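Shared between the two complexes below is subunit A, which has subunit B as its partner in the first and subunit C in the second.
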Partner chain A sequence: MRVTQGTFSFLPDFTDQQIHEQVQYCIDNGWAVSIEYTDDPHPRNTYWEMWGHPMFDNPDAAAVVYELNECRKVYGSYYIRIIAFDSSPGWESIRLSFIVNRPSEEPGFKLSRTEIKGRNIQYSITPYSSDKPQGSRYK
Partner chain B sequence: MENEGQEKESEIVTEVNLKEDFQASGVADILAELDNSLIGLTPVKTRIKETASLLLVDKAREKLGLVNESPTLHMSFSGNPGTGKTTVALKMANLLFRLGYVRKGHLVTVTRDDLVGQYIGHTAPKTKEVLKKAMGGVLFIDEAYYLYRPENERDYGQEAIEILLQVMENNRDDLVVILAGYKAKMDKFFESNPGFRSRIAHHIDFPDYSNNELLEIAEVMVASMNYHFNEESKKAMAEYIKIRKKQPHFANARSIRNAIDRARLRQANRVFNNSEGPIGASFLSQIEDIDIRQSRVFSGGIDK
Partner chain C sequence: MPDGNKKLDAKARYSAGVLEYKKMGYWEPDYLPKDTDVIALFRITPQDGVDPIEAAAAVAGESSTATWTVVWTDRLTACEKYRAKAYRVDPTPNNPNEYFAYIAYELDLFEPGSIANLTASIIGNVFGFKPLKALRLEDMRLPVAYVKTFQGPATGIVVERERLNCYGRPLLGATVKPKLGLSGRNYGRVVYEALKGGLDFTKDDENINSQPFMHWRDRFLYCMEAVNRASAATGEVKGTYLNVTAGTMEEMYKRAEFAKELGSVIIMIDLVIGYTAIQSMAKWARDNDMILHLHRAGHGTYTRQKTHGVSFRVIAKWMRLAGVDHIHAGTVVGKLEGDPATTKGYYDICREEQNSVSLETGVFFDQDWASLNKVMPVASGGIHAGQMHQLIHYLGEDVVLQFGGGTIGHPQGIAAGATANRVALEAMVYARNAGRDYLAEGPTILAEAAKTCTPLREALDIWKDVTFDYASTDAPDFVPTTSVS
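The block that comes next holds the complex of A and B.
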């Protein structure tokens, strides 16, 4: 099951050239771009691991694509996303976030129903992959 | 705009007009600016013009579908201090941008300190950070030979060199590297790093300025600061140049700039001490020969 989080996630995966152009758009707007990765695709998992620092002072997107490829070398089987951070309002504001790398196989989510007081149903989802310990979820 | 570009590309191009391309790229402006704003440096200007035409022709060939390898644009500027290496590098960045060989056209100037770290594992991220900053533009490494210190085998400079070489080769489309430094030391540096020599296509030598060129430069500098010489002070400047050139630590145009800065200082002092009543703009911007002749150079000392 394809994880759809962030912008563009219903489109086919971007090529590096397309990523470059999206990132260049962010940079030209004055946003800091950074790369993050995770192996826990739960939608409520907001804070992913950072790959290096946010790139505040690179005028060209080639730097981000370069770092992305470095990140792929190490975490090629993880989810990797690019986020663009706009510091101008003075609070944390992500303007754009999109997934640029995903595992070759995405097992999807388990939906579990729990009956609670008054025969109400409480739903929760768990990624099948997170049964395994962190670091050995995707190969 | 994007659509227009696509339409143009899909048309089959059978001929190109080099003159039109030349006009459209705005390269003419830069070359003219190079000619006007830089005094002397004829061999450098010739090389840059040659490079510009090569790149223009390459672009034209590409349009016609004649395949070429994207050219290696890494350069090495060698010459004495103050011969205009940084100034030319800045113009070069702009030129390559106009020709479409770099995407942003900014110049990132670094020296050894910016690339080499202080402890194990510090160098690689530092060098990469600089390289990333320079992507889409030009990376100018001043006094590049300091990167390589053969006398200290544990020096981290070698690591920076390796990363540089790797990125220069693999990300050729993303950035242009210009190395600069004194001729003799650069030659030695290239000898001990053959990898660098072969990856750099253009070696450009910056000659020293002649006395007349230096005087011309002085006049341009003075004019750009809204001052002016008179006949006597011009003569004094010419003499100053003659004497200063023979002294150690002479740094061509940079020494001239410093001399002018000091002359302005003395001029300000003189104007302040002698002024009684209202004075005009011409008095305020006049550099007299006494302002120059007070320099230590004339009494056998050294201006730094």
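The block that comes next holds the complex of A and C.
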């Protein structure tokens, strides 16, 4: 399966040139761009690990693409995403978030059902990969 | 000013009998509205022979303190304060028999935090008043002091996106069709296919409540099976608007509690449940981490005709105060009423921190929303993937695009229909961000995306000629050169 979180997961994976374009769009809007990575793609895993701080005051998307490739050297088998933060009043939140690196194999998620009272079912979603300890989940 | 419009001294004013409203103090052309006043703008159509100023004064009177005759008990009150004041009457630019009347209301006329109380005055008896042929509430200015007495949207656009982990693009939805007749099991199938295929949301229709063919608990149980399956299949947070509309508040709370127990991220109500019920459900939603979707069922009975009723821009303002997170606000290009400029006005009211006067979009007042959350507008009804460039151009990024027929009617099935919409959307946002003239190049961008997505290719082929091009019944009346005071 393909984890389709993020703004562009239904498009073919981006080249570095395409990533550069999207990052520059964020920078031109005054947003601070950040790189995050994880080996736990659970839909509600909010806090991926940060590859440094958001790059405040950085005018050039090339610096982000450079950092992304540095991150890939270490975490090339992980999910990596680009996130853009908007500090303007009324937002103060994320404005764009897209996956730029993913494991070569994505085993997906296990859906567990616990039958509780009556016909109610309690659902639980677990990435198959999370059975393994952090750091050894993807090749 | 002719003498006939002048106010009277106290003795003449309070002698028993019948007086013209404009002489009773409801017409004050020199009045300067206070920052704390509620201001209403009415479109009035006086009966033949009725002076427009007297008609405006009568509207002010009947929507505040007046009755048909003089009453001495007024003098026991600070009646000057409580009288609404018509202070400006302009002929409408395009219709000689209609007038825009501006009326200011003292803040103390209204109970804090109650849409029911506000509307009982502003759209109460006055709408049946005989000297008027027709009356329409066009817009309102709500002072910050009053706005702050309302909770506002339970969740708001920013937090909704954070909860859904979905940024940078419109959300995608679809209403389950056929709207009536599916069993719970069959209904959940549509939900599963649409969410798995790429939508963020599916939706109960307004009249899906608890009928013989599908009782509400069955629908909720099967829908949540579908939502969780789709979430596991994609790694995304998914939702389905479970409509909790019912005959009593007790029943609605019961259904909402069950939706929460099942782990739904969103519930839904219909506008026809009434303003107080909407405020109650908004409070419940805030207390229970629930996104609250409002379907504007019934609004067309009073919003659509230009001469009589309440403009939808006013309903949108009331609903932002009342506290819904989603509101259907038009598509521009779809099958339901929606002039592009008027629709933009509605969207601005839902989403901006502050609205500025913009007569071309029908917004007559500056409005400060005082940090109330923003409402996510929903575009639903007769839209399809081939219009994606127009939809993003007209409606922007913070909107739920709902393709019901445009998902479920896809020749390769529901999941393929959903995928077509998602690919079209992402391709268009990508092109926009990359700096392309996506409105002009829209069809080309979609054709390029369709090269790697067969479902999109098929969607573009089958719906390529579908448009709904009819004259609008509710375009703004304004003269571009008129200065605004």
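By our rule, the second predicted complex is superposed on the first by the 136 of 139 C-alpha atoms of A that agree within 3 Å, B and C clash if a C-alpha of one lies under 4 Å from a C-alpha of the other, contacts with A are read in each partner's own complex, and residues count from 1 in each chain.
Just so it is clear, a residue touches a chain if its C-beta (ideal position, glycine included) is under 8 Å from a C-beta of that chain, and two chains touch if they have at least 3 such contacts.
Fair warning: this is a prediction, and the values are worked out from it, not measured in the lab.
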- Message: Once both complexes are superposed via subunit A, do subunit B and subunit C end up clashing or fitting?
- Response: fit
- Now for A:58: first (subunit B), second (subunit C), both, or neither, which partner does it touch? first
- In the overlay of the two complexes, what angle sits at the CA centre of subunit A between those of subunit B and subunit C, given in steps of 10 degrees? 100
- Query: Touching A:66, do we find subunit B (first), subunit C (second), both, or neither?
  - Reply: first
- Query: Which of the two, subunit B or subunit C, is in touch with more residues of subunit A?
  - Reply: C
- Message: Contacts for A:1 in the overlay, against subunit B (first) and subunit C (second): which applies, first, second, both or neither?
- Response: second
- Tell me, in angstrom, the smallest C-alpha to C-alpha distance between subunit B and subunit C in the overlaid model? 5
- Message: Just to be sure I follow: which residues of subunit A are touched by subunit B in one complex and then by subunit C in the other one?
- Response: none
- Message: Which stretch or stretches of subunit A touch subunit C in the complex?
- Response: 1, 3-5, 7-12, 18, 21-22, 25, 41-44, 46, 84, 89-98, 108-111, 119-121, 123, 125, 127
- Query: How about subunit A: which of its residues touch subunit B in the complex?
  - Reply: 55, 57-63, 66-67
- Query: Which positions of subunit C touch subunit A when the two form their complex?
  - Reply: 158, 161-162, 165, 167-169, 198, 217, 221, 224-225, 228-229, 231-237, 261-263, 353, 371, 374, 419, 422-423, 426-427, 429-430, 433-435, 449, 452-453
- Mind pulling up the subunit B residues that touch subunit A in the complex? 103-104, 106, 131-133, 135-137, 171, 174-175
